[in-house]
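Alright, structures below, take your time with them.
You will see chain A twice below: alongside chain B first, and alongside chain C after that.
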Partner chain A sequence: MKRVDTRRLALAAAAPLLAILVALALTTIILLASGDPVAAVWAQLFKVPLPRQIVAISNEAIVLYLSAVAVAIGFKMNLFNIGVDGQYRIASFAAAVFAGAHFLPGWLNIIVSILIAMATGALWAFIAGVLKVTRGVSEVISTIMLNYIATYLVAFLLQKAAVKVEGSNATSTAVLHDDSKVPNIDVSGLLGTPRQVYGLLVLAIIIGVAYWFVVNRTRFGFDLRATGASETAAVASGVRVKKMVATSMVLSGAAAGLVGMPLLFCQDYAYGDTVQSGLGFAGLAVALLGRNHPVGMAFAAVLWGYLDQLSNGLQIGAGVSDKLVLIIQGIIVLSVVVAYELVRRASLRIDQKRVGSAEVKSVNKVEAVAA
Partner chain B sequence: MPSVPGPTCRHTAPPRTPQCCRPRRQSLPSGSPDEELTIPSGTETQAHPAPSDAGTPLAVELQGITKRFAGVVANKDIDLLVRHGTIHAIVGENGAGKSTLMKTLYGVQQPDEGTISINGQKVVMKSPTEAIKLGIGMVFQHFMLADNLTVLENVVLGAEKMYGIGDAARAKVRAISDEYGLDIEPDDLVEDLGVGARQRVEILKVLYRGAKILILDEPTAVLVPQEVTELFDNLRGLKAEGLTVIFISHKLDEVLSVADDITVIRRGTTVAAVDPKTVNARQLAELMVGSALPSPQTEESTVTDKVLLTLDGITLSGGPGRRNVLDDVDLVVHAGEVVGIAGVEGNGQAEVVEVIMGMREPTSGTVTLQGTDITEWSVRQIREAGVGYIPEDRHRHGLLLESPLWENRILGHQTQAPNVKGALIDIAGARADTERIVKEFDVRTPSIDVTAGSLSGGNQQKLIVGREMSHAPMVLVAAHPTRGVDVGAQASIWDLIKDARRGGLGVLLISADLEELVGLSDTIWVILRGRLSGPFDPDVVTREELGSAMTGAAGSAGDKPTAHSEAGEVESR
Partner chain C sequence: MSTQAGSVAGAAAVAQVATGKKARPRWLWPAVALGALVLLATVRVITGAHDIDSSGALSASIGLAMPIVLAGLGGLWSERAGVVNIGLEGMMILGTWGAAFFGYHYGPAAGILGAVGMGVLAGAIHALATVVFGVDHIVSGVAINLLGAGAGSFLAVRTFTGLQGGGPTQSPPLQQLPFLSIPGIGEPLLAVEKSHLWLLADLAGLLRAVTTNVNALTILAVGLLVGSWWVLWRTAFGLRLRACGEAPHAAETLGVNVMRLKYLAVLVSGAFAGLAGGFLVLVASNLYREGQTGGRGYIGLAAMIFGNWRPGGLAAGALLFGYTDSIQLRGGGDVIHAYLLPAGVLLLAWGVWQFLRRRAGKAFTGVVPVVMSVLVLAWYALTSTIPPEFTSMTPYIATLLVLALASQRLRMPAADGQVYRRGEAK
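Then we have the complex of A and B:
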C-alpha cells in the first residue's frame, strides 16, 4: 500500500515537471520558427543566478506567494477571484495613506496599516461576494470590473493624496518615516551581496502556515473544501453555501490586501503611480502551478521569480526580447492544467485498481471459506 | 440474515405469448468458456414470419469476451448468443459486469479478448458510430434528451444528414411511430412528455438511425407498473417487426414476462443461458447471486405511539402561475415505524425530503421534530438534532467523490464527535471511526485513503448508511436507499433499517421500488403531483392499486385506502 502511495506522490510531482518540459519544448519550436538562437536563449535562462538575482528572485517570490494564497482561497471553493489585482492595489493605497500620515508610532503604525490593507482588500472582494450571493453575478465578471474601478479610483484618489516631491514628476503618497519601515534581512554574509531580502518574508510564511492550517485542520476549512469539491453535497451536509461564498471572498480579499505590503514597507516606502501592477494575475498562474498547495505555491512562486529575473539578460545575452518569458510562463500554466487532469485520472485509476483487487481478494476469501 | 430481494416475494408474470416451445438446456455455471450453448431452432408463429432459425445467422454472437481495466477484470469469457427477432434479457446484479458488456456491444470500448459477430459477420467496432452503422442502437437508462427541444429536434440531433431536419424527417418520425405503435407526436416538446413517452422517444431515436438490434439498459427502472406493461407491448411490437431486442435488467419478474431467452451474468462472466419458461424468479435470483436465497421473514410490528416527525400542511409553491410542488402534505412518523412514500419520480418526493432536511423552506406548513418546530432550522441544526439522511443521489448529495473515505465520514457531521474537537477537525478520531464503519458495515475497500468515487455503488451506500447510523439518529430520511446497489448490499441495508426500527428509529422511506416499500414499510403513502394519498396498508395493498394511485389512473384511487390503517396505528404484520 505504501508503494502505491509513493507512486501517487511521484505522479503529483511529475505533473508540474511535465508541464515545464512541454513549455520548454514548445518555446524551442517557437524560437526555431522565428529564427532565434535557441542555444543562447536557454544558456541565458539556465544560468546559475547571481547573488543579487537570488535576492531579487526571493523578493519577487514573497509577493507572488501572497498573491497566490489569495487566489488559492477562492480556488478551494471553485471561486475565481480574478480581482486580486484590484484588491491589492486599492488596499496598498489605503495602507500607504494611513501609514504615511503617521498617526501611530513605529511598529504599531505598521501593524495597523497592514490590518487596514487587509480590511480594504476584504471589502473590495466582498462587493463581488455580495453580488454573487444576492444577484448571482459571476465573480469572474464582477472582479474584472472591480479591477478597472480600482485602477481608476486609486489613480483619482492618488492625485488628491499625493505629496509633491521636488524635482520629480512621480505622484506618490507620503514617504514613510524610518521607524515605520520594516527592517530587511541582511544576507551579505551568506551570499555576499548588499541586497536585502524583504523583512515581510515573515508575513508570507505566517500566511502560508495559516492557510494550510485553516484549510486542512479546521471545520471551516473542511466546509470550504467540501463546497469546492461538491456544492450539492456540501449543502446536504449542512454547509450554508452563500455564507461560505461571501466568507471566502472576504478572506481571499484580505489575503490579497497583503500583496502590496512587502513593497510598501520593505522597498518603496510609499504608494505611487509607478507601483507594480499585474501581481494578481501572476498569482493566478502561481496558484495554478502550485495546485493551491501551500508548499507547491512556494516552489511555483520561486520559479516565476527566477524566470522573470533571468529574462532580464535575454535582450543583451541572446538578442531576444525578454517577453519570451511571458510566453514560457503562459505555456507552463496551460500545460500544467492539462497535466494535473491527467494525473487526477491516473490516481483515480490507481484507486479503482486497488479497490478492485481488494474486492476480488475478499470475494476469493468468501469463496475459500465457502469451500 | 439478508432478506430476500424484492422480486421473489411476489410473482405477477403476465401471460406470456406462447411462441417458442423448444427444449433448452441450462448450461452449468461458468468456468468453461468453451462450453457450447445449444440453440435449437424455434418455431416462430407470428404475423411477420421470421426466417427459421436454422438458416439464419445469430443477430449477435459474443465469444470469450474478456475486458480488463487496469488489472481488474470487468468481463471474463463472456459468451452470448442472441437469436434474430427475439427479446433477449441479460440479468445480473449491479456490478456483475452488465454495463461493461453493453459498452462492448455498442462499441464504446473494445474487448481485450474474444470475438463479436453481428448477423454472422465477425466485426470490430471501434466506436458507437460503427455500431450504429451495423444496425445496433442503444437506449440508455438515463435519457439523453434536450427538454427544451421538440421530439423531432431531439430525434434528428446528430442525424441531420439522414432525412434532413424538416418535413421529410417529420414524416419519417411519424412513420416509425405508427409502424411500431410508439404513439409519438414529432412536434411535442420533450419537457411536456411523461417518463414513458420520453423512453419511447429514445427508442424512436435509435430506430430512426436504422437500428435493427436494440439494446435497452434497465429500461424499467424509471417506470411505474402500468408503463412497464406498455413498454413491454412496444418491445413485443418491435420483435414482431423482426427487430432484435437485448434488454438488461435485474428485475426478474419483468424479465420472465417478456424475454424469449435469458443470459445470467455473475461476477463478470456468463454463468447460464436459461429458458424463461423453465425457471422461476427465485431460481433466476439464485443464479444471479450464486447462492441460495434465504426465505423472507415475517416481522413483528415495532410501531409505537411516540410521535417523532410531523409534517403539517406543508405546501411548496412552484412559482407564480404554476401548481404547487407540494400541496398540503401531512405526514407523521412514529418511533419504530417505517413510513414509505411511493410515487413516480418527480412528483414531489425530492421536495418532501428537502423540506424536512431544511434545504428548502416550505411556503406554508410546519415540520415538527419531537414537538419542536424545526421548519426554520438550517440543515446543520436539523442534522445535529438527530435526523439522519440517506440522499437520493449519493454522488451529488452524499459524497465527495474525489475525497478519501475518512473525509467523507466527516461530511454531514462536521460539528459532531468523533469528527471534530472544537473548531478543529479531529483527523485521528475521524479516521479511527471510519475504520470502524468500514469493518462494521462491510465496506469493501483496501484502505480508508482511497477516494469515495472509486468504490462500487453498494460500498459507497454502505459507507453512507454507516455514517448516518453512527450518530444514533432519531429519524432517518432514506431516499432510494438501495438504488443501484447489488443484492448483497441491498439486503444488508434493509436489515440495518429493520434493526434500527426495532431500536425505536423512525424512518421515512422514499423509494421507486414497490417491493422495497411493501417489504419494509409499516405505512405507505403515494405521492402524485405534490399531494399525498393513502395511507395504504402494505400487507393488503396490491402493486396495481399502488400503481393506479401513482399515476392518478382509475379516478380517485387515493381516496379509498385499501385498509383501515390510520397512519401510525399499531398493526400486526
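Then we have the complex of A and C:
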C-alpha cells in the first residue's frame, strides 16, 4: 500500500514539472521561430531575483493566493467561479468606502472592513448561486456577466463616493488614516531592501489553513468533495446539492472579497480607478496549476509572481517584449492540465494492472492449494 | 452505410427534442418582430427619443452585432458537437492579430484568411486538449484565453513596432473592405425617416439600415449564419455532428467517427472565432488595438445560450447586444430612459393579469410586478436620462435577466461539456 502511495506522489509531482519543461521547450521553439535571442531570454528569466524583486514576488503571490483559494473552493465541486474579478472589485470598493469613513478606531476599523469585503463578495457571488440553483443558469455565464456589471457599477459608485485630491486627476475613495493601515513586515535585516512585505500575509496564511481545514477536516468539506467527485453518489448519500452549490458560491465569493484587501490596507490605502484588474483570471490559472491544494497553490502563486517580476527586465535585458511571459504562463496552464489528465490515466492503468495481477496471483494460489 | 447509420443515431438523439412540444405557428416570429416594431414606434412618438430606431442606430447595431454573431457561431459549432468553448475570447484575440498582420502586408482578403487561420490554430489547441487528451473543457478554454491574450500581444509587439503608424499595442491603419449599398433608395428612405411619422419612419429606418453602407464582411457573416444553420440542421453531416453532442456513444456504435467530428467542429469553431476578431479589425475599427475584443467572445457565448443553441436565437441575442451597445456608444441615455416607459407599462399589465387570474387563497399574486412597475414608472417620470455607466451595463443585465427568465426553456446538447473517450461504456 505504502509503495503505491509514494508512486502516486511521484506522479503528482511529475505533472507540474513536466508541464513547466514542456512550456520551456515550446517557448524556446517560439523564440527560435521568431528569431529572438533564446539564451538571453532564459538568462534573464532564470536570474536570481534581487532582494526588492523577492519582496515584489511575495507580495504578488499573497494576492494571487487569495484569488486562487476563492476559485479553488468552487473547483472542488466542479463550480467555475469565473467571477472572482467582479467580486473582489465590488468588495474592495465597499471595504474602501467603509474604512475610509473611519467610523471605528484603528484595528476594529480594519477587521470590520475586511468582514464587509467578505460579505460584499459573498453577496455578489450569491446572485450567481441563486440563479444557478433556482433558475438553472450556468454559473460560468452568469459570473462573467456579473463581472461586467460590477465593473460599471463600481465605476458609477466611485464617481459618487470619490474624494477630490488636490493636484490629482485620479478618482479614488478617501485615503485611510495611519491607524487604519496594516503595518507591513520589515525584511531589511533579512534581505537588505527597504521594501516591505504586506502585513496581510497573515491573512493569506489564515485563509490557506482555513481552506485546508474546511475542505479536509469537516463534514461540509467532505460533502463538497463528494459532490465534486460524483454528484449522483453524493445525492444518494443525502447531500443536498442545491444547498451545497449556493453555500460554496457564497464561500468562494467571500474569499474573493479578500483579494483586494492586501492592496487596500498595505499598499494603496484607498480604492481608485487605477485598481489592478485580471486578478481573478490569474487566480484561475494559479488554482489549476496548484491543483486546488493549499500548499500547491502557494507554490504556483510564487511561480506566477516570479515570472511576472522577472519578465520586467526582458525588454532591456534581451530585447524581447515582456508579453512573452503571458505566453509562457498560458502554455504552463495548458500543459499542466494535460499532464494531470495523462497522469490520472496512467495511475488508473497502473491500479488496474496491479489489481489484475493480484487477482491472477490469488487464483494461482487457489489452484496450487487445490492441486 | 455509415451515413445511414449515423443519421439514425442523430435522429434518435434529436427526436427527443421534437416530441412533446406543440409546433409553433410559422407566423409567430414575423408577428413578434412586427409587434416589436409597432411598440418601438409608439414609444418613439410618445417619448420623442427618435434615436431609438434611427437608421444610424440600427446600422451601427448590425455592425456591432456581427462579431458577436460570429463568435456565437463559433460556440454553436463546438457545443453542438459536445465541446464547450469558453476559449472563444482568446481565439478572437489571435484572430485580430492575424487579420491585422496579413491584412497589412497582403490586403484585406488575406486579412480575412489570416484571421480564420489564427482562429483555426487556436481551435486545434483546444481540440487537442479536450478531444484527444480529455481535459475539462472549461479549464482548457480558460488556458486558451490566457494563451491567446498573451500570444496576441506578444506577436503585436513583435510585428507592429516600428511600422509607419503602428506601435507595440496598435497596428498601422489597414485598407478597408468595401461598403455596399443598393443605389437610389437611401435618400428617399432618409426623407421618410426624418418625417418621424408613426411606424412609417421606423420601417424606413430599418430598411435603410439594411440596404445602405453594409460592409462586405457583414454580408459574408450573414451568409455564414444561414450556411451554418443549413449545414447543421439540413445535412447528414450536420445531423451526425449534432449526434456527437447529444449521444456520442450511441453515435459511435452506429459508425460515426465521433473523435474526428468533434475535432473538426472545434476547428470550425476556432475559424469562426478568429473571423469574429477579424471583423473587429477589418470593419469595426480598421486597425488592431490591444484589448480590442473587450470580452466579446464571452458575450458571443452568452448570445448562443440566450438563443438556445440555435442560429436564429443566437442572431437575436447578438442583435440585442449590438443594439444596446450602439445606443450606449451614441450616448443614448435618453433612449434607454425611454425604454423605462414600456417596461413599466408591461410590468403593470402583467401584474394586473396575474392578479385577475390568481388562484383561490393566493391574494398577493401579481403584487410584485405592480410594485416594480410603479418603481420603474416613477424612475421614468422623475428623471430625464440614465447615467452612462447604467447604459453600458444594460446588455449584461438584459442577458442575465433573459437567462434567468428563460433558462427553464433552454436546452443544451445533452452531452455538452462531457469528456468523451472512445470505447468507454456509459
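Here, the second predicted complex is superposed on the first by the 357 of 371 C-alpha atoms of A that agree within 3 Å, B and C clash if a C-alpha of one lies under 4 Å from a C-alpha of the other, contacts with A are read in each partner's own complex, and residues count from 1 in each chain.
Simple rule for what comes next: a contact is a pair of C-beta atoms (placed from the backbone, for glycine too) under 8 Å apart; a residue touches a chain by one contact, two chains touch by 3 or more.
Small disclaimer: the values here were computed from a predicted structure and weren't measured.
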item: Touching partner for A:Val295 - first (chain B), second (chain C), both, neither; value: neither
item: Touched partner set for A:Leu9, first chain B, second chain C, both or neither; value: neither
item: Touched partner set for A:Gly136, first chain B, second chain C, both or neither; value: second
item: Which superposed partner A:Ile327 touches (first chain B, second chain C, both, neither); value: second
item: Which superposed partner A:Thr232 touches (first chain B, second chain C, both, neither); value: first
item: Residues of chain A at both interfaces, chain B in one complex, chain C in the other; value: none
item: Chain B contact footprint on chain A (complex, rising order); value: 1, 5, 216-223, 225-226, 229-230, 232-233, 235-240, 344, 348-360, 362-363, 370
item: Contact set on chain C toward chain A in their complex; value: 86, 125, 129, 133-136, 138-140, 142-151, 153-154, 157-158, 168, 295, 298, 301-302, 305, 387, 389-390, 392-393, 396-397, 399-400, 403-405, 407-408, 410
item: Residues on chain B engaged by chain A in the complex (per definition of touch); value: 69-72, 267, 291, 357, 359, 378-384, 389, 391, 393, 396-403, 407, 410-415, 420, 423-425, 427, 444-447, 449-451, 453-456, 459
item: Touch list for chain A against partner chain C, complex; value: 34, 80, 82, 131, 135-138, 140-142, 144-146, 148-149, 152-153, 155-156, 159, 281, 284-285, 288, 321, 323-331, 333-334, 337-338, 341-342, 345
